[in-house]
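What follows is subunit A paired twice: with subunit B in the first complex and subunit C in the second.
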Partner chain A sequence: MASAVNKRIYINGVGCLSPQLTLDNRLFLEEPVSTESNRLKAIDANYKEFVPPEMVRRMGRIIKMGVAAAKTCLADAGCQMPDAIITGTGLGCIEDTEKFLGNMIKNNEEFLTPTAFIQSTHNTVSAQIALLVQCHGYNFTYVHRGFSFESAILDSLLQIENGRASTVLLGTADELTANSLQIQKRLGFWRRNPIDNLKLFDHPDKGTIAGEGAVFFLLDEKKNSTTYTVLQDVEMLFMPHSADEIRSQINGFLNRNGISESDISLLLVGQNGDTRHQKVYDEVAEGSFPNVPACGFKHLCGEYMTASSFGVWLAAKIMKEQRIPEILQVSKKPSELKHILLYNHYQGINHSLILLSQP
Partner chain B sequence: MEELIEKLKKEVIEQLNLEDISPEDIEADSPLFGEGLGLDSIDALELIVLLEKNYGLKIEDPKDGKKIFHSIRTMAEYITEHQTA
Partner chain C sequence: MAKRVVITGIGIISSIGSNLPETIDSVLASRSGIGKLKYLDTFHRDEYPFAEVPWSNSQLAEFAQLTDLAGYSRNALLGLIAAKEAFAHARLDQVPRLRTGLISATTVGGMDRCEIYYKDFLTNDSKNQYIDVYDCADSTEKIADLLGIGDYVTTISTACSSAANALLLGARMIRSGKLDRVVAGGTEALTSFHVNGFNALKILDKVPCRPFDANRSGITLGEGAAYLILESEEAARAGNREVFAELKGYGNACEAFHQTASTPDGKGAYLAMERALKIAGLKPSDIDYINAHGTGTDNNDIAEGLAIERLFNGTIPKVSSTKPFTGHMTSAAGSAEAILSILCLTHRMILPNLNLESPMPELSFTPVRELISDLDVNVVMSNSFGFGGNNTSLIFKKI
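Moving on to the complex of A and B:
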């Protein structure tokens, strides 16, 4: 089985709006934000710095988050105009969807205004970014629950591999609303009691902390002075039956990329403190990577369908700076960071592997 | 009439989410579209819904829209004229 791509595809810029102070690319989790809650809210930017006032008044919060992260990413990469914009979102613009549906119910399906409806579609974030930067190229949004980001990665890699684009603005956006938080709480997703997010892994229990955020990457077929890492490969596994099946997939994934378990410098895992989903992470880490330093990241961003994009942001920063922030609590620090593997799953259903390598 | 104008200013600000604009910033006679507040076609739809929802007024002839939505005062005049008719 061959890797998804033969070309080396570089991440040359990043923009991350999250519950941590991540939008300023000069910072790298020096002062982790601690919240005593079962919800991690993304830290809003001063959106007027990113969007003209006449446009910002119509934008829902997720759109503003996405635009801020995307424009930060483009500025970081020194790119005026990408060839394509490809995004992933789990629930899309849910705030405007709720507003539109709420108005339908409240007003007996009359007096429906256009703004909330227009903004409620899942591809609004990528469309607004395209309008702002006047990008008329390929524009696509993947809405595949826990595979949304991974599907967007695969498409981005293939667009560059096939010569259809040289640069791709790849990203994610997901927002939490009071309603969505409540509905998912009833489904047992979240902790019943508030917990300090920075101590999430010290107190495993049923449920986790809800999160949200917008993360963007500028992918480029050319390496330059701003390059962070190589986005080497991605693999998705839908409802694997056992840890053995996952380990077998990991072997095949590493083989097709010409490396073995011992070449992995750091394993980033999507564990979220939920005891119902921890076993598989432990079995994969201990079974396949017994000697590889491993750490989780969701105590920083919370759990949501595109949280793996925060993990890729983290991996890209680690690779560029060749250091692991203290807050990640790695048991032993690797001497050199050559390959970082991200293993994540959403609700035990959508499992994914993302490999990043030193440029 | 002046009371209605002040009420309309607040409703327009809320309906169109005009951030950083207060009722005092809106001149009753200033154009709403193009110059003045610089509203656009989506705002026009929002204003049509506002008239229908808050005042029970439907604009039967779309050609009338330009005249009715010229300014806050023309909107107030239309409401006064048609609600009492």
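Moving on to the complex of A and C:
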């Protein structure tokens, strides 16, 4: 898609429920959380603060995660009600899906109650947020592996650029369950031996560590005192053939935004410690950004289909605070943080570029 | 000035036909696809009627011209057949390539294999051939790969409005100049998962669904896939190809009322239809026909009917639900019904609302009960509503 976004669109609020202490927006990874379980579980919020008590017990965990992150984001931006809600999720409400499926198989299709089925629908998070804030606007949910969040970004930017919305609540939610972990284990996704997540990049090997989270952003056509960054542009590359093709796409992407590789202050890469997926990150970083400070972030959030949203949260905070937290192990310190590029790929199939700029 | 979006190709497979010509034959003959299950293995097989696609997976693989069925869910097979038909119908292989996207919709992806092999996924050490079909993107990526589409590939899941939203997004991508062509639609295979979910909700009718009937008692589940080729007006000029209709308007609204029920007065339906008219720059009186969501549930038909009455106050167009033909194709319903709506434009007809005996006393209008032919139909509206109060309305205009 060869056109840039014509309006400057700002991130004016964030809400990040992750395996790190990120839901409190005053904090910024001062005390990184570590585990050796190869499974980074998101730190649950006190959901009663976000969801009416009569709903808390029945509501699926992923929905509560999404609502907590979304409400934190809206409060951070001082926004009562967005014009649209657009979300991305890789596997959706997988816990309720598994619950309904499991009961169905176990009970031979008898004696089933509908609650898990109702909540299993992929757009439940988006719909429940709309219900709680009474937003009747455009409501969309993308469910495409490593393009789920990126598709939601593109749609959000289009909504504002085309004048259909002034503000968009954009976000993601994905949850880990024992069964989905098991299935992905059979697909060869995970490390065999336990590893401290904070040392993930020091010990490259086959497989990575699993993660989950819910991350929301309030996009606004207006800049204000809470502005973090400009969400400049997004691009998705489906099954690119080579690192050269990706590098050429990156070049075109930056050019259409009026900058070049050397203008990037920080390159955030979606590397996950899996040696089978590392090569392309190295070739892109070394080939196109030899002098640009670079770092990974998935040692903090784990790998999952919408993990790039954690990366954008990180970039937004870095841009606002103009500093990079210690735990990020940047190759060298940038002098000024003007443009941050996030390059991620999911399983070598879904490659994406997200550009953030100083407001 | 936003670009005009036109339709140059159509592909559909459902209980009433494996392709577009068969589908046209069925609707002209008022032939319903609802009957007894043949392929899906469910405990409830004799309890309800279904609108099952009447071919086995290996027959579907032949339709799709696949030599190897391995790793293909029924969901992917149906999607591939309809997407390939649409692609060929628009003769996209005969014109220079432009920026092309695939926007596909589904609700439970490859659940049709997942529910059969789930235990095996979890316990068997050897990798099951279907183990990576359980997410929604699997069928989309298989279709994109086989059609060679890579400029934009995504999947939407907003329950039963999913495929209507795929068309809405496709139109917006073209209007804003991001893409020149989009293959947009949805695919959904019947699953025990859906049968049991809707059964637990107690909204399956024991007899073929009766939308807008006073005695209606729920939906009849269907399956299938439907894709349309959307192009900018400029792109459609290449190669002297036929243009079937213009996608003139679209609106999406969230009811924000209840996860599975509509407000009694159909607020979300009203907002979606109103927004679609606004984008189209049309008045309610410009609409000749509404292909209603009309599921046959108590709640939907009264809410949608009242919303139509309010918005089209005094000028209610012809209305029908075509779900008695195809069953409720859930995530694929939006694009399948968009196609049936477009056929009303191209074949100068209004499709009947089959199975309607006693009109609802709450509504001032009665849907069309018999096929009307030889009628000028210029503008049609197609409604699709889903769980989460996700409501979408599309407007198509004759070229």
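The criterion applied here is as follows: the second predicted complex is superposed on the first by the 355 of 359 C-alpha atoms of A that agree within 3 Å, B and C clash if a C-alpha of one lies under 4 Å from a C-alpha of the other, contacts with A are read in each partner's own complex, and residues count from 1 in each chain.
As a convention for this text, contacts are C-beta pairs under 8 Å (C-beta built on N, C-alpha and C of every residue); 3 or more make two chains touch, one makes a residue touch a chain.
Computed from a predicted model, the values in this text were never measured in an experiment.
Novice: Could you tell me if A:L187 is touching subunit B, subunit C, both of them or neither one (first, second, both, neither)?
Specialist: Second partner only.
Novice: Of the two partners subunit B and subunit C, indicate the one touching more residues belonging to subunit A.
Specialist: More residues of subunit A are touched by C.
Novice: Examine A:N291 and indicate which partner it touches, taking first as subunit B and second as subunit C; both and neither are also allowed.
Specialist: In the superposition, A:N291 touches no partner, neither subunit B nor subunit C.
Novice: Counting only touches as set out at the top, which of subunit B and subunit C does A:N46 meet: first, second, both, neither?
Specialist: In the superposition, A:N46 touches no partner, neither subunit B nor subunit C.
Novice: Is A:S126 contacted by the first partner subunit B, the second partner subunit C, both or neither?
Specialist: A:S126 sits against subunit C, while subunit B stays out of touch.
Novice: Given the touch rule stated above, what does A:V56 touch, subunit B (first), subunit C (second), both, or neither?
Specialist: first
Novice: Answer with first, second, both or neither: which of subunit B and subunit C does A:S225 touch in the superposed model?
Specialist: neither
Novice: After the superposition on A, what does A:S335 contact: first (subunit B), second (subunit C), both or neither?
Specialist: A:S335: touches no partner chain.
Novice: Once the structures are superposed on A, label A:F147 by its partner contacts, choosing first (subunit B), second (subunit C), both or neither.
Specialist: In the superposition, A:F147 contacts subunit C only.
Novice: Find the residues of subunit A that appear in the contact set with subunit B and again in the contact set with subunit C.
Specialist: 110, 112-114, 118
Novice: Could you list, by residue number, the parts of subunit C that touch subunit A in their complex?
Specialist: Answer in residue numbers: 2, 42-44, 99, 106-108, 111, 114-115, 118-119, 121-122, 125, 127-128, 131-132, 134-137, 140-141, 144-145, 150-159, 165, 169, 172-173, 175-179, 192-193, 195-197, 199-201, 252-260, 267-268, 271, 386-390.
Novice: Under the definition above, what is the set of subunit A residues touching subunit C in their complex?
Specialist: 1-3, 85, 90-92, 97, 100-102, 104-105, 108-110, 112-114, 117-124, 126-128, 130-131, 133-145, 147, 151, 154-155, 158, 161-162, 179, 182-183, 186-187, 236-239, 305, 349
Novice: State the interface residues of subunit B toward subunit A in the complex, per the touch definition above.
Specialist: Result: residues 15-20, 38, 42, 45-46, 49, 52-53 of subunit B touch subunit A.
Novice: Considering only the defined contacts, which subunit A positions touch subunit B in the complex?
Specialist: On the subunit A side, the touching residues are 53-54, 56-58, 107, 110-115, 118.
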